[in-house]
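Given below, in the form of structure tokens, are the structures.
Look at the two complexes coming up: subunit A is in both, with subunit B in one and subunit C in the other.
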Partner chain A sequence: MPSVLTYAEVRGGDLRKISLEAASAARALADAYGGEAHVILSGGPGVGAHAGALGEHGADVAFVSEHAAFAQYNPEALSALVAERARNGYAAVLIGGSARGKDLAPRVAAKLGAAILSDVTALARDGDALVATHPVYTGKVTATLRLTAGSGPAVVSLRPGAFTAAPAPRTVRIETAAPSGDPSAVRVQVKETPSVDSRKLDLAEAPVIVSGGRGLKAAENFKLVEDLAAAFGNAAVGATRAVTDDGWRPHSDQIGQTGRQVSPALYVAVGISGAIQHIAGMRASRCIVAINKDAEAPIFKVADYGIVGDVFEVVPALTAAIRAQRAKG
Partner chain B sequence: MSLSQGIFLFCLAMGAAFFAYNAQRLVRYLRIAGGGSRLNDIPRRIWNLLSIGFAQTKILRDPVAGPLHASVFWGFIILQVGAIEILVQGVARGFAYGNFLPAPLHWVFLLSQELTAGVVLVAVAALLYRRILVRPKRLQGDRVHSGDAILILAMIAALMVTLLLVSATQRVINSEHPVAVQPVSAPLAGILMALGTSPNVVEAILAVSWWSHALLILVFLNYLPYSKHLHVIVSLPNTFLSNTSGPGRIGVMPLMDLESESEHFGASDVDQLTWKNLLDGYTCTECGRCTSVCPANITGKLLSPRKVVIDTRKRTMELAPQLVSGDAPNGDIREHRLLDKFITEEELWACTSCRACVYECPVSIDQLEIINELRRYLVLSESRFPEEVQPAFEALERNGAPWAFSPSSRAEWAAGLDIPTMAELSERGETPEVLYWVGCMGSFDERAKKTTVAVARILKAAGVRFAILGQEERCNGDPARRMGNEYLYQMLAKQNIETLDRYKVKAIVTNCPHCFHQIGNEYESLGGHYEVVHHSTYIAALLEQGRIPLSQGQAGAQRIVYHDACYLGRYNDVYDAPREVIRQALPVIDVVEAKRSKDRSLCCGAGGGRMWMEERTGKRINLERKEELAATGADTVAVACPFCMTMLGDAGKGTDGYVPVVDVAELVAGRLKA
Partner chain C sequence: MDVKFRIAASGNAVDETGLKWDMSDFDGYAVEIALQMIEKLGTGEVVVISLGPDAAQEVLRKALSMGATRAVHLKSDTVPFDSAAIATALAAELKDGGYDLIMFGKMAIDSASGAIGAMVGEMLGLPTVHGCATLEVANGKGFARRELEGGAEEVTFPLPAVVTIDEGIARPRYPSLKGIMAAKKKPMESKPAQLGAVRVTVDAMALPAERAAGRIIGEGAAAVPELVRLLQTEAKVL
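The block that comes next holds the complex of A and B.
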């Protein structure tokens, strides 16, 4: 019975959540085929320690490949390693569609001469065929793809968050997978991985965004927005173009047509009038709360909840209320 | 034939031959580029030549340099009559107009030459003073050839001095004319006589002056092709051949043949431009009027329209000799192309397409056409544009609007207003008086929607039977076209034309100057012919006819400054209608003008697709303009364009003394009888 192979991504010493999602997806598919779920766990020395967590999520076998050259993302050697393993009669190779996975999956598919299904949100077996769905046209349409069995395994990249990491504990067997060549003898050498403030939530991932506009009157008043974001605990701070133009906030914080286009679960617009430039970047948010002293401000037209009032009074009160609520648990 | 006649004849022949050689060389250089004939509508072209060329109307827009330049220009024309006399004298000794002209007529000629020479000398002195000591800002930068200018001015001065010395010495030898017709050389002659200059010396001065003058004319003529003062020869032809003041509709971008087998779309080098663009390069004398009015340049961006034209000339002079000599240019010279090596992406994307440069140019150069062609190449051939433009292009393609709003929400503003769509009317077999074209800002921007509703209320109050397209409306394509994406533009324009023609639409009123210009002027070349009126003009006419019932109550005393939109003003000459609307709607208000207004108005910063780009360098244009408008002391800024509305509305928001912005239609709607 064919098994399912997956790749576990470790970054900065931590196993990424997407890898557990991939492991769970592999478990479910392997059950459908009546095979096993295998995982490739590669990284710097000591990476094998994560095998247990993968076992908790349904992995039967972990092929561990520890090498200093795998401590950083190493596209050439890693894709060779995964492809080599994948040639052992697997039904499918599942790769979590993180930034790294989006790079790795097509490389593996090319090496295998295999078909690739990308950005997949659901996966099932249907006889000899593999059936996958993935969204197209920015999610307006869902396409169902049917891949009939071919010569090699199907390479599938999984949309982050689409599969749930579900516990399916078992004792994972650990095998060593030695890379065939010298993984450090590759053309691409990672010299440095600069990172922005790691405490800062990325706007694209944050479930809550608190944004400030010119209504805050001065750069230092952005403290109000930051405090409110901190009170939520899981919020990122955004800004309008006028604000980033004035240098109150870095350009990377700009939300709008010419900045970041975001769709958090909750968007709080503080002192933002709602010019089309801004609306175009945030109107896909699930719930929009606007705070502005001008009841005529266009932002209220797109807001689900509006508070007409002075931001210097409303925002601190809101911050205090959210803090109190969260303290209560 | 005397020896001196022989020498002169030789010089004359050499001068003429050398000039002819250069003339044909420069004409051959123009031929490396494409572009069709420009001999349509000759009467219009003659009118441009007379008004812009001979009457110097554009030159005179500068109150200081204008009259000085016009003096030299008109002087030059008058002095040509004298120059002919001198050149003929060189060949046929003893030739003089006085030999056959009756005395009074000859005196007129003498007086004209004397006075002109005097005026030109004074003007040249003033121009030299200005260039060397005053050094106005617009004569700096872009590595302009100041030395060249000073040399030419010095040559002109020398021509005038020698001319006057010839007259003066001739007068000493034989003073046959009244003092009154030689008001300059008579006193000069008086000085020579008072000094007791001997007849031999006088003869010598005459000979030296005459020879200097005659040879300087030839030197001057042959120096021109090697200097920016080629301008002297090609300005008038360039004005005649230009389309910037007509013939045809003004400010229209040429249609691009997307089916052509051409290897390039747009232009990356001078031979991909038109011969007229290259002639513009020859014509520019680097006066800097274009750059001094450029909103990007004023606010500290890299763009200088003058540099665009100078670069075009420099590159022509570099590439053309190789192309016309028949040697295939080597790779290096191709590498050193106009785009990137002379004119950078950063300069090109800074342009707001406001047309101030084109409007200001005294010799009808079209700086904007070069910028637009290079932008087309960047986008269509190399897919290079600021990354933040991508969402706009994508939304235009998928949603038919530059923001990703669903077409189904286009008519949401009309909910409850009982406004029929064309589809509904045509189902009932009815046709409206006019189609109200709302535009994307008017449909999706919450602030602009208020203007949209205001216009609709006015139309209803006036009893105008109108309809909208609703979901069937698409962006007119202007943002795509101005950003160089001609392919996307034509797709949108053709869809709209198809829709409009399906409903047999003839008359259209628009909310937005960009829709107005596109549909009214640029759709023509794609086969769309409509009578398009901007809402300010339409409302002005309704007010004029007394069709809009206004309440009689006093409006609070207001001081309003109107900001001219580029695509309404410089592109379409609509300056009075919006002001008239304000005056009629609010009879007690005070309408004031900003420092730069009407055809000199400063752009709000949104045109040319800048609305969808970041402004990373220098001062923001909207702020510069808003400050200028606020400086009038007005308590309200009135606009007639949704893009001006958002730019000026944003500028200074949240600061004390913020001046609110309203559309002229909102002023009228606010006064409608309940």
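The block that comes next holds the complex of A and C.
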């Protein structure tokens, strides 16, 4: 029975949440084929310690590749490693579509001469084919794509947050995956720069996101959004494209079809009118709150709860209320 | 892209009636940064390539009016939803071009796959960097910054290379009247695209389900206590 291969992303020694999402997606697809879920776990010395967590999420085998040259993202050696393993009769290779996954997946596909399904939000087996959904036209249309099996595996990149990391514990077998060449002899050299604030929660991981738009009127007023995020204690700060284009916030904070796609438990939209490009990035949130002075703003059409009002009045009141509520415990 | 899409009668495409073609945002950034590089160097040329039906020539003409030197149209009346098939055609065209740097937008705004640039890089066997938020070249080397979730990374690579361009790198210039006039005389070569095998097909296109209609719970700061109550007891997210 064909098995499914996935790739586990480790950054700064930490296993990324997207890796567990990919492991769970691989488990479900492997079950559909009656095969096993295998994972490539590569990184610096000690990375093999993450195999257990992947086993908890359904991985039958972890192929561990520990090498100093894998401590940093190493796209050339890593894509070679994944492609080499993928040549062992797998039905599919699933790669979580983080910034690095989006770089890795097409490289692996091209190395294998395989077809690719990108930024997939659902995936199923249909006989010899894979059927996937993928948002197109800035999220205004959903395409259902069919990849007809060829001689090799299909490569699939998964949209972050679209697949749930679900416990499916099994005892993971550990095998060694040795790179075929010298992984330090590569042309593309990558060095991760420390993030400005290492405590900062990432948009993909945060259960709450507070996001600001043009309604805040000036860059310095983002303090309102930051204060509300701080009150929640487990929130990340996002922004609209208008705001990042104007340089109020870094581009990496942009939520939307062309930026980050997020699905937190709670999304608070502050002074955001709700352009379709933004909604495409946050409509998968479980609960959406909108605060905007214009009652006709399209954001209210997707918000579970809306407050019409001046953000400069409502947001500080909400910040105080959340603080008080958390103080109660 | 503030248009309302309709699904075509076939059920597996959008109805293109009345849609106007334009350069994809990320490709605009790539054209702009390429022009800036050539201007800074004071030498060299910017060649623009597009694969698609005849309408692709309008987009190429726009790049020429921005300042590109010449254009190549790889003609294909239909464009498959298959990144590998398209990348194969582009790689075949680019293979013997002798380019120092091959740039793509990070992704197309319509198909939103973001895979073609890196696939072409691999197919050509060239150093490849996907999603450059900054890009500089000097002395045969490239330097780029890529944004990650909650971080960034610095990438160095030798030229020739293939890169894809992220947002925020540069604002594309508007074509000047002089540029538009000059573009009419610039060379545009059109030839059939040599697509690879098409393995990905579209079963259906559909408009995504609307979220259940929400409600406006009140006005101003007075509505905050009710919001907190609903978040706690109804949505259970606090």
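Quick note on the criterion: the second predicted complex is superposed on the first by the 210 of 329 C-alpha atoms of A that agree within 3 Å, B and C clash if a C-alpha of one lies under 4 Å from a C-alpha of the other, contacts with A are read in each partner's own complex, and residues count from 1 in each chain.
By definition in this document, a contact is a pair of C-beta atoms (placed from the backbone, for glycine too) under 8 Å apart; a residue touches a chain by one contact, two chains touch by 3 or more.
Keep in mind it's a predicted model, so treat the numbers as computed, not measured.
Using the contact criterion defined above for the overlaid structures, shared-chain residue A:Ala242 touches subunit B, although it does not reach subunit C. In the superposition on chain A, contact of A:Glu313 is made with subunit C only, not with subunit B. Of the two partner chains placed by the overlay, only subunit B lies in contact with A:Pro298; subunit C stays clear of it.
Of the two partner chains, subunit C is the only one that A:Gln325 touches; subunit B does not reach it. By the touch criterion defined above, A:Arg214 reaches subunit B but does not reach subunit C.
Contact with both subunit B and subunit C is seen for A:Ala275 once the two complexes are overlaid on the shared chain.
With both complexes placed on chain A, subunit A has more residues touched by C than by the other of subunit B and subunit C. Once the two complexes are overlaid on the shared chain, A:Thr258 sits against subunit B and subunit C alike.
Common to the subunit B and subunit C contact sets on subunit A are residues 137-138, 241, 245, 251, 257-259, 275-277, 301-302.
Only residues 11, 16, 72-73, 75-76, 79, 98-100, 102-103, 105-107, 109-111, 113-119, 131, 134-148, 150, 157, 187-195, 200-205, 208, 241, 244-245, 250-252, 254, 257-260, 265-266, 275-277, 283, 286-290, 295, 300-310, 313-314, 316-318, 321-322, 325 of subunit A touch subunit C when the two sit together in their complex. Interface residues of subunit B, counted against subunit A in their complex, comprise 388, 391-392, 395, 398, 402-405, 441, 444-449, 611-616, 620, 646, 649-650, 653-655. Within the complex formed with subunit B, the subunit A residues making contact are 137-138, 213-217, 241-242, 245, 251, 257-259, 261, 271, 273-277, 279-280, 298-299, 301-302. Residue ranges of subunit C in contact with subunit A, taken from their complex: 1-2, 4-5, 7, 14, 25-26, 81-85, 87, 107, 109-123, 127-131, 133, 145-158, 166-168, 197, 199-208, 210-221, 223-225, 227-228, 230-232, 235, 237-238.
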